[in-house]
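Take a look at the structures listed below.
Shared between the two complexes below is chain A, which has chain B as its partner in the first and chain C in the second.
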Partner chain A sequence: MSSRSISIAGSRTEVVLYAVAALAGFFIVWQLLVMYTAVGMVMPSPIEVVEAMVASCADPIGSKTLPMHILFSLRRVLIGYLLAVLIGIPVGILMGCFQVGEAIIKPVFEIFRPIPGLAWIPLAILWFGIGEESKYFIICVSAAVSIILNTYEGAKSVDPTLVGAARMLGANDFQVFVFVTIPSSVPHIFAGLQVGLSSSWMAVIAAEMIRSSEGTGWIITTGMDSGNTVQILIGMVSIGFIGLILASLLRGLEKKLCTWRIQGR
Partner chain B sequence: MKKSLKRLISAISIASVLLFWYLITDGLHLFSSYLFPSPVAVFKAFVNKLTVTVPDGGTLFTHLVASLQVALYGYFLGIVIGVPLGILMAWHRKVDLIVKPIFDLIRPIPPVGWIPLMILWVGIGQSAKAMVIFVSAVTPCIVNSYTGIKQTSQVHLWVAQTFGATRRQMLFDVAIPSALPMIFSGLKVSLGASWMALVAAEMLASTKGLGYMIQMNRMVGRADNIIVGMLMIGVVGAILSAILGLVEDRFVKGRHV
Partner chain C sequence: MSRVDVVNLTKRFGDLLVLDNISFSVGNGEFLCIVGPTGCGKTTFLNSLAHLYDIDAGRITIDGEDVDLQKHSIAYIMQEYSAMSWLTVRENIEFGLKIRKVPKDVMKRNADEAIELVGLSKFADYYPNQLSASMLQRVAIGRAFAVKPDLLLMDEPYGQLDIDLRFQLEDELLKLWQHTHTTVIFITHNIEEAVYLSEKILVLTNKPTTVKAEYSNELPRPRDVTDPAFIDVRNKITDLIKWW
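Up next is the complex of A and B:
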């Protein structure tokens, strides 16, 4: 292959080597900037952050330790997200599979769709108070939009040849629905679940930042209020880390459930 | 099903939602009007908000202009930096090897999570919000430009090479045009993300803007103004993405992804 081509699959060791060097460089530059320049006034060094993170697993930040804060955020996401899945997939299928359903739901959905999930926060607080319910509501709304949209598109984009083949082999409407439409929209549904999960993770953080007394979002806002950059960075690092874990868990589940699809890719 | 019948059902659907909303509020008074105002009250609040500055210190228009300014500023900054960086990463292997690990390290942190740090660094002014919007806009721009360039058909590049194209010509005449649909879908995702980040940033620390408006009205318990603000955020978001769609139709020729 020519040396000019774009995607030369470089040897794995080279990729790893460069990655390690780049990351090491990034952290060393950060550390040095903090130690020897004015950056130190507004940023803690990476070593400080790691030390504080380890310490906060035993010493509480506020009223809880770091793992407890994370568990609180995760519980909220789990409840709100499951609600969104339970509502979103059936609504999406109703819209995608039945023309009457589409005619009824789509216009109403189109009104709500452009409103970002986070814009619901004030109304949610007014309606459900500052407790847990308002957070579930915000997370559910944020995740539901992309789940509905993707399920709808998945159900709409079923290959008509497959439906025709099933019909020719004597399948009735119900069988076509269960054995053709649903399985062929599963990859789309998973794409929606993936996007929905990351937006619900973002929503819980925003909701906790605006009103809460625990959770990862709370960690960073209280860090801001007290000018404690170490605490802010602990929060940001855990948020990024958990977000990554959630996404890869879902990808693992997708691999299990849609083996056929991944093989076909 | 006929198109006209479908339209009719859709119209009836929206009308019945409005009617239902009216019935449970002004009709039967199931909810107190301050928690859940009727559609009529929301419309009145909308007309009212065009001229009155109470209780959030600005008319709907001033809030809208403030939000648009910050959002577009951060968004364009995101495009100007994100798209070239993505292209650079995909085109030069060394850049890819060095920048990608760092990018992947920072990427999982949602833009909303940056708000406190930005506020601490640059204060609660417009620039902190612009930075947060920049962070949320830049990621999809980088990812999509990168993938778009990487997906350039190898055959097209070979053809260009055979006809004696320089590497620069291959980038500007082959790779970038064929990556445009992908880049544009990145711009769309960016736009949605920036608009959302703007609302979050304005709710947390601000003195004007649509996000500030809905947050202030929550504190004084004016649900009618909150709903006006939310609908406004939705409508403006939809208009912005429609404009971007028009731009895309003009510049992107050929296949769509």
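Up next is the complex of A and C:
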């Protein structure tokens, strides 16, 4: 993906420059709109938001400071997401590699697949109460779908030529699985992990907006309740940045594990 | 280095009879080319031979024993590029050895030798997406020779290459073959290629495929495609292959 944007924009430094310029432009336009138009009546300026964010690192919003709120949300995401990974990858592989697995799991999965994670909120509350468990559950369900789907696609789309080549070299089923199916699915699995991560980050916000006493979602809802637009934007901006950081971390891991896809492009 | 016997090989896909009662033998260290009209089931034939397909009747034996991929060492070089894109050239060439759990030092030695033979020493740490088409095919050939196969099957391996690259790889293949004395079964639709490479040529008919003729190619090596004797053999094979 990065190679395509590089080829449009030129060198790597140029890409960075464009990104910085675009972000700066965005914030300048926002600032100007707030200062000189009616937008100022309903929106705080970016400078106000940044100032308030810095201040909230020391002065708590509600009972906790901003970093603590973020850590609470992150913990929920990581637990729910890890559960989704632990469930999603094996299920996807079962479906993609074994015809019996596909025949049994796929029909059930196809029914669950269109149900958004948020539709599980009522059941989650009934089953697990309004504590942390129901949040983990919602996050896990939201992330698992895309992880399962992509892992399945990856395991399914293994090039039969390669499987044939491995068999000819004497590979048994297990060796084909370990040396061909798994490595060739890795890029697909990563795509699923990436989508799953952003789904779970979205789900935590929704889960916290329903009931919690801390977290970035909670910042937004209480901001809404008190008509505090600065506070709402603090929540939103934090979500944006943390989401970006998480996605970049995962991309970094993918680059490490899939050097073969990056080299030579 | 093995003798291969195919006896009454028959393969159907549903009602479609593809291979009809095919019998032939390839001697120890012999280079056999199989030619036939397009769509005559050459690839099916090779896949059956390689046990990638179950056969419906007949027997395929190597040195008198039924083919068993876990025991016999068969290497297959296909038309499609079959290098594993997540492995470097060296890792690709070591792949078969790793599957066979060859000791590390032997693995390294065999791989070094194979990499050298296919001329990829400088590219041992490259990934397939950094290589050209002919280099990818060399990786497959290196991987095949690294396992020191009893039998090497090749299915139009050079079909997608330019003519000069093809000539070059054909010469390399002959060198490898002479060096290793591997038994080779090479499928092609290119009659010139078959005459250039083989010691024996098997001409197949249209579907249902049977053996139309077996031609013993005794042209001296190195062969010259412009030599009248060469052209004479080529014409003979062309006449045999004609189904119109």
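For this structure, a couple of remarks:
Convention: the second predicted complex is superposed on the first by the 228 of 265 C-alpha atoms of A that agree within 3 Å, B and C clash if a C-alpha of one lies under 4 Å from a C-alpha of the other, contacts with A are read in each partner's own complex, and residues count from 1 in each chain.
Please note the rule applied: contacts are C-beta pairs under 8 Å (C-beta built on N, C-alpha and C of every residue); 3 or more make two chains touch, one makes a residue touch a chain.
Predicted model, so just to flag it, every value in this text is computed and none were measured.
In the overlay built on the shared chain, the residue A:Ala119 is in contact with chain B alone; chain C does not reach it. In the superposed model, A:Glu14 makes contact with chain B only, not with chain C. Applying the stated contact rule after C-alpha superposition, one finds that A:Gln175 touches chain C and leaves chain B untouched. Touched residues of chain A, counted separately for chain B and chain C, are more numerous for B. In the superposition on chain A, A:Arg167 makes contact with chain C only, while chain B stays out of contact range. In the overlay built on the shared chain, the residue A:Thr229 is in contact with chain B alone; chain C does not reach it.
Partner chain A is touched in their complex by these residues of chain C: 50, 52, 69-70, 73-76, 78, 80-82, 84-88, 95-96, 98-100, 126-130, 140, 143, 147, 153.
Here chain B touches chain A in the complex through residues 1, 5-7, 9-11, 13-14, 17, 35-36, 90-91, 93, 97-102, 105-117, 119-121, 149-150, 152, 154, 157-158, 161, 167, 170, 175, 192, 195-196, 199-200, 203-204, 211, 214-215, 217-218, 221, 223, 226-227, 229-231, 233-235, 237-238, 241, going by the rule given at the top. The touching residues of chain A, when paired with chain B in their complex, are 2, 4-8, 10, 14-15, 18-19, 21-23, 26, 42, 99-100, 102-108, 111-123, 125-127, 198, 201-202, 205-206, 209-210, 217, 220-221, 223-224, 227, 229, 232-233, 235-237, 239-241, 243-244, 247. Across the interface of their complex, chain C is touched by residues 161-162, 164-172, 175, 179-180, 183-184, 186, 258-261, 263-265 of chain A.
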